[in-house]
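Below you'll find the structures, each written out as structure tokens.
Heads up, the next two complexes both have chain A, just with different partners, chain B and then chain C.
Let's turn to the complex of A and B:
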């Protein structure tokens, strides 16, 4: 039986603009991934989320990091102890 | 290129609240809300180095042309050119989603 997370990842990939999605814990271990984002990206994603947290003193403010390129945008955001990355085509 | 030539363009960016120009040796220029902000400069440089390790399958070139860091009230827009990192702090004009 697929877990809730796996179902959410599959749902996310149904959006035609999304070509990859990934979730990691704070140590960069992959909790799930689809498409263009895979195991090798977990470390960088979790480190980026940890680094960006020190840009704000407000603990309720969760910054979003967006890496923009011709091949699309990679959006990274932490939600509690989980970091989510989404690879989306440029609109 | 002189520092003032680099920063002239940054001064004219609409809604800009401040900027940093950073090299491997340190901060070359800073202004506005980012003036003398060594902490932000250090964090941004760490993030640029981390982001440069990001490689999508088969991609040879760096993974980003621009990095945006979006916070509640403002946005840091970061780009790399000529061995220098340019950071601009801008107002975050959030747009609410339109329900149709």
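Let's turn to the complex of A and C:
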């Protein structure tokens, strides 16, 4: 049943600028990860997404967190009950 | 102000001077502050009980009060004070050697050149849109993971 998700993660990694992708649920349990993002990042990613939701009053609006560094940007975004993080090299 | 470190069972073969209190307890057998005598003969018994209770409360409070003005000015000599200070600092140095290994790890740094990262271009909006599309797609992929009920969970046992 998870093959659709696995396929989606693999497709995402085909993009040359993307070096890592991670998908977790609201408790930080990893649903799938590739590349530079792995199991140990699940907790932090889910908590970041949950905290950032309190920045906006609109409950349907989910902000995107961007962690910028020398080695690319990590973008974290929640959608419904899952959180997705993408590690992308800055072009 | 709280206590940073304390231990119950100290070994007593160490120098007992270390544990001697700096301010000796003034008048451990003192009466309560305003020691009034109540003649218990003429008052009713309920009144006496209440007053006995009050007296005991007063007595307990007085035991815990350190009356600084009444303490006799038996200060420490300069050399005694320096000795004690030296003793304490030696002990602290010994302890800090063993405790220093428990320092919390510093936060990892994302970059050694923060001004360069801050001055560089913003994250392109196309990237943000790409990520939100990815999240939506992943959410729909996850919703395919569900319980596939093939049989009844609860069955009746037929007794022939």
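The criterion applied here is as follows: the second predicted complex is superposed on the first by the 89 of 91 C-alpha atoms of A that agree within 3 Å, B and C clash if a C-alpha of one lies under 4 Å from a C-alpha of the other, contacts with A are read in each partner's own complex, and residues count from 1 in each chain.
As a convention for this text, contacts are C-beta pairs under 8 Å (C-beta built on N, C-alpha and C of every residue); 3 or more make two chains touch, one makes a residue touch a chain.
On a predicted model such as this, the values are computed, not experimentally measured, just so you know.
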Partner chain(s) touched by A:26 [first = chain B, second = chain C, both, neither]: neither
Partner chain in contact with A:56 - chain B first, chain C second, else both or neither: first
Chain B versus chain C as contact partner of A:80, first or second or both or neither: second
Which superposed partner A:36 touches (first chain B, second chain C, both, neither): first
Touching partner for A:64 - first (chain B), second (chain C), both, neither: both
Contacts of A:47 with chain B and chain C, given as first, second, both or neither: first
Touching both chain C and chain B, counted on chain A across the two superposed complexes: 64, 66-70
In the complex with chain B, residue positions of chain A that touch it: 36, 38, 40-41, 44, 47-48, 51-52, 54-56, 58, 61, 63-71, 74, 87
Chain B residues within the chain A interface of the complex: 39-40, 43, 46-47, 50-51, 53-57, 59, 63-72, 76
For the chain C and chain A complex, residues of the former touching the latter: 110-113, 116-117, 120-121, 123-124, 127-128, 130-132, 134-139, 141-142, 144-146, 148
Residues of chain A defined as touching chain C within the complex: 1-2, 4-5, 7-9, 12, 21, 23, 31, 64, 66-70, 73, 75, 77-84, 86, 88, 90-91
